[in-house]
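Order of writing sets the labels: A, B, C, D, E, F, G and H. Residues in every chain begin at 1.
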Amino acid sequence: MDGSSPDRLVLYGETVVSRLLLGTAQYPSPDRLARAVAAGGAEIVTVSLRREGTGGTAFWELVRASGARVLPNTAGCRSVSEAVTTAHMARELFETPWIKLEVIGDDDTLQPDVFGLVEAARILCAEGFEVFPYTTDDLGVANRLLDAGCRVLMPWAAPIGTGQGVSDPYALRSLRARLPEVVMIVDAGLGRPSHAAEVMEMGYDAVLLNTAVAKAGDPVAMARAFGLAVEAGRLAHLARAIEARDMAAPSTPVAGTPFWTDP
Amino acid sequence: MDGSSPDRLVLYGETVVSRLLLGTAQYPSPDRLARAVAAGGAEIVTVSLRREGTGGTAFWELVRASGARVLPNTAGCRSVSEAVTTAHMARELFETPWIKLEVIGDDDTLQPDVFGLVEAARILCAEGFEVFPYTTDDLGVANRLLDAGCRVLMPWAAPIGTGQGVSDPYALRSLRARLPEVVMIVDAGLGRPSHAAEVMEMGYDAVLLNTAVAKAGDPVAMARAFGLAVEAGRLAHLARAIEARDMAAPSTPVAGTPFWTDP
Amino acid sequence: MDGSSPDRLVLYGETVVSRLLLGTAQYPSPDRLARAVAAGGAEIVTVSLRREGTGGTAFWELVRASGARVLPNTAGCRSVSEAVTTAHMARELFETPWIKLEVIGDDDTLQPDVFGLVEAARILCAEGFEVFPYTTDDLGVANRLLDAGCRVLMPWAAPIGTGQGVSDPYALRSLRARLPEVVMIVDAGLGRPSHAAEVMEMGYDAVLLNTAVAKAGDPVAMARAFGLAVEAGRLAHLARAIEARDMAAPSTPVAGTPFWTDP
Amino acid sequence: MDGSSPDRLVLYGETVVSRLLLGTAQYPSPDRLARAVAAGGAEIVTVSLRREGTGGTAFWELVRASGARVLPNTAGCRSVSEAVTTAHMARELFETPWIKLEVIGDDDTLQPDVFGLVEAARILCAEGFEVFPYTTDDLGVANRLLDAGCRVLMPWAAPIGTGQGVSDPYALRSLRARLPEVVMIVDAGLGRPSHAAEVMEMGYDAVLLNTAVAKAGDPVAMARAFGLAVEAGRLAHLARAIEARDMAAPSTPVAGTPFWTDP
Amino acid sequence: MRIVLNGKAHETGALTLAALLEEMGVGENRVATAVNGRFAPRPMRAATPLSDGDAVEVVSPMEGG
Amino acid sequence: MRIVLNGKAHETGALTLAALLEEMGVGENRVATAVNGRFAPRPMRAATPLSDGDAVEVVSPMEGG
Amino acid sequence: MRIVLNGKAHETGALTLAALLEEMGVGENRVATAVNGRFAPRPMRAATPLSDGDAVEVVSPMEGG
Amino acid sequence: MRIVLNGKAHETGALTLAALLEEMGVGENRVATAVNGRFAPRPMRAATPLSDGDAVEVVSPMEGG
């Protein structure tokens, strides 16, 4: 990677430079949201649908003004039909074929219902949607989503909102290794920039965050921190980090140091 | 933290902006070293002493040209007297009172000999040196080093050159919590930018690296990656990250989403 | 739990005392297998099917002689129909409705194909089998297996044969917490007795092992070690272990010790 | 290890079979303590000194009756002279040269003051004590304690009373590997039987516990659980556990299974 | 006529989805709609009749994660 | 007639599954069988004809994990 | 004479450590003793004088970890 | 005279540390020195005599971690 070949991310034919995607919920104010998006350098933000009459429109004007591409989600959907209908409403309203597909299987863990997810993905892909499925780190599910027509996957790092970072590093590394060509964005469970850097170092293509930024003490500074960490992780992946090793090794060469005699 | 009050680090009265310190050993070439220092934004680099006649002078000219402050080390020293004499030679040669004090207690693990370290620190502080002791995460040792006159500490994250990242997060967090006012630079054991971000998030003041950059596939890009990660971790520390939690929580508000009925 | 109410495990109406189930493959000799089963106290062993003509019958005579209940598996099956037919052959041959259902989705990771698994479980439960499905730690999949008629689940700790211990402790704890009434046996991925004790401490009902015993230096002693560890973990679960805490606390009461003055 | 050569532990010339040592503090009642010692099979228990007039003598009668060997400690001592005087008083009162030497360096973390520890050990060894020093996982400190005359070491797993299990597995494994001949008993920080099994699997010679047993819901059952886990870990160490591996591997041989064709 | 609008009972005189939006005073390009769990595209609203007991969703953009 | 027996080509004169087992010298209670991927229960073997190209599995107990 | 006994101010007429133990009613074999931070062995107690301000520790067995 | 220079046996005619550096052709500002494990500061080199068996270190800058 040098200056002449910038490192870009292509999602369903759309090219972006930033590998940080941001959710738009839970910020202390619309202004902080706008500034966080700018500070993080995010070019894509997620949005949702609400029942008319339950809030204002300031948020939406502000997102439009930001120039960011929107990725609508189907948050809160607990069945295939709810998710499919929500996707259609989102496509019409936001004028984009992109949909972050969530089919939630458990109200406590908010984990994906992988059966409903695959079925909804199959329906939506067939209807021309460009689906970003929020899924687990299960390789078999990933393969079925690809078979269904998905060209991007969004595996979780840990349950939504826990902020605990990668729950199963082995599984996430294994998924990356088995699907080296697929664009995969880690979604959910990251709490700190080091977590985001870690998954980027593993070779994931991008990171989607919401709570970790929006609920930080200073969301704007935290967005910037995550933006830097994602870039750091990406660079490190391309620059090939050293392997961890069990034995210590001196960084300063020992031969030639004063007083040195073989131990 | 805003533009008007830049976040600076003060080490024995000297002020720097960058919180990444770099070692200068093991690079594929002097040119790559120079470019890595620039790419990482390091303002301080560590250097060492070798017996005359065992190498060229290109390296030293290059470090001088870089404008970075030098922090000589006592690498390879296995006794108090070796370390003290080496420190004196370094002070004369590099014209700086700064010394990164290493007293190695075990040739396999390269871990600090904390007894020799405290004794050498006492001698050198009394002789006007400004000592940066390479130490473990032991709080009692840290307190003795402070009593000896050290105003900066350099605890390890893991044994030198292992690149495994923080070996004992509990101990490192505890050390930071117990000595909130002391400037502490994490030295040794970090392998990837996510590791550097992690210790900065814990509140450590800076990071010193060598192997992880010099032995990366692309040391220049990796230096930049670490520079970004250190900045990310610092920002996140100041911006107060969310706490990890055991329970999942939706990022998109559920009330008001279409089809929602109470579970 | 006291002597008058022994702690028993009920699997599809059959009662056993030992919570260690053993696989029968990979032992250095049939004799060592027999001695390992005895040393571990296992009352249930897994068996498989092979094509006639590819081996001897010593093994099977020996298992019969051991008096252990057999749990046939569908190892190696990569489709629903293979698994179903294999289950039928096993039922006839081993004269038991029990079947450890494996439907493998990936030849590298040997992870369960959760879609095939649920479908095969539904068919087999309907045909009167008592199914022990080898599954992941996915709660949604677990619920579908229960809906299919399974009354026992066998979630993995990590991929088969890795011996790395619990890969995702959060997920495994969460699964246990969400399905407190379901009999769950941890199968696959455990390497050492401490791993077995750990999952029993979490509240899992039993452990099934093969490689960790059969490939140990001394399989007979290792079987005994796992038998003790499983019992230890079970006892600890019932005896309610202390919570891990962040702060140190003296075990010896400080008030009243000689020389004590308030710090 | 077979029946003809029982696996014994020798501590300063005294031979025991059980590798579980128990502390005697914090139990709900003296009776529970006595039953816990019996259930755990402990042959050695730790005791302390208190100022006369601050409690009854029931405890001491009970310990005497148990037949267990006593290992007095210097808990609460914060200086070399306090520890040395306490050791002398203990020797006279308990009529044993054994002393578990604690010199605490920090009232919050209760971590050993390794400087005071080494100095006190040197004094006490010279005065004929048989010292069991409570220390960290620092190899250099361990070597100094051996130089001082200690023939048993008691490294911690984590700070006293935290119950979090091994805080730095790398350091503990490394310490064991570097001092293969030294008798080492892991003391402090263990919370669950799986933790005890883990350190025994690493090759540590024994385990000393207090809080994890005394404060469990059922201390008697928990003592038994730890006794089993220690034995399990010891057996596993001698039986040579499999190595954890990154790749999955089938436990049931695949060649010869029905329907098998090469993938 | 009594329908369920966005999860709540609602009395309306509107005979079509389009009429309902007008009654609600909602700009038709600002919302998306579904009737009885099925998407009702914007061009079809005028031709979408409402019946007693229908469940109607009328949604607009919201913050999301 | 050429069948596939346990994954390998096999020439046989047996016209039924039961006859095949006899030809193989396999005690009928010691094995279980499947033809073309479907279970063939013990009582049905005599009534299970074999045709050219059939895939037959004849299995017995093995060690398993 | 005022000493510090087990960390607390204590008025005593005892002139030796042995006398103090007797005054306290403590069986001499049940305790161990130190004066001013130094161990006072059992056989030396009778020969150990007490002075005003001395810090005396008298200890017995306790539960410990 | 035989000394140990930087860890290796070395024959020299130099009677002082300064003379040794000159004999080695080493610019005096480019190196630091120690004799028998003790630092020999630059201004003291001319006054530092060498004796048979002395261990001399002459060092210059090197890469370090």
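The rule we apply is simple: a contact is a pair of C-beta atoms (placed from the backbone, for glycine too) under 8 Å apart; a residue touches a chain by one contact, two chains touch by 3 or more.
On a predicted model such as this, the values are computed, not experimentally measured, just so you know.
Novice: I need the common contact partners of chain G and chain H, sorted by label.
Specialist: Both chain G and chain H are touched by no common chain, going by the contact rule given at the top.
Novice: Once you count every C-beta pair in contact for both, which comes out on top, D-G or A-B?
Specialist: Most contacts of the two pairs: A-B.
Novice: Rounded to a whole Å, what is the gap between the Cα centroids of chain C and chain G?
Specialist: 61
Novice: Where the centres are mean C-alpha positions, what is the separation of chain B from chain H, in Å?
Specialist: 33
Novice: Counting in whole Å, what is the centre-to-centre distance of chain D and chain E, each centre being its mean C-alpha position?
Specialist: 70
Novice: What residues in chain B touch two or more of the other chains?
Specialist: Those would be 23, 25-26, 48-51, 54-55, 73, 75, 82, 85, 89, 108-109, 111, 159-160, 164, 170, 210-211, 246, 250-253, 256-260.
Novice: So which stretches of chain H touch two or more other chains?
Specialist: 6-7, 34, 37, 57, 59, 62-65
Novice: Got a list of which chains touch which?
Specialist: Chains touch in the following pairs: A-B, A-C, A-E, A-H, B-D, B-E, B-H, C-D, C-F, C-G, D-F, D-G.
Novice: Would you pull the chain D residues touching chain C in the complex into a rising list?
Specialist: 1, 23, 25-26, 48-51, 54-55, 73, 75-78, 82, 85-86, 89, 107-111, 159-165, 188, 191-195, 197-198, 201, 210-212, 214-219, 221-222, 224-229, 231-233, 235-236, 238-260, 263
Novice: For chain D, which residues are in contact with chain G within the complex?
Specialist: Counting only chain D, the residues touching chain G are 23-27, 33, 46-55, 57, 59-60, 63, 72-73, 75, 81-82, 84-85, 88-90, 92-94, 160, 210-211.
Novice: In their shared complex, at which residues does chain F touch chain C?
Specialist: Residue positions touching the partner: 6-7, 24, 26, 30-34, 37-39, 41-42, 57-65.
Novice: Quick one: in the complex, what on chain B touches chain E?
Specialist: 250-253, 256-261
Novice: Show which residues of chain C lie in contact with chain A when the two form their complex.
Specialist: On the chain C side, the touching residues are 105-106, 108-109, 111-115, 118, 136, 138-141, 143-144, 158-159, 164, 167-168, 170-171, 174, 178.
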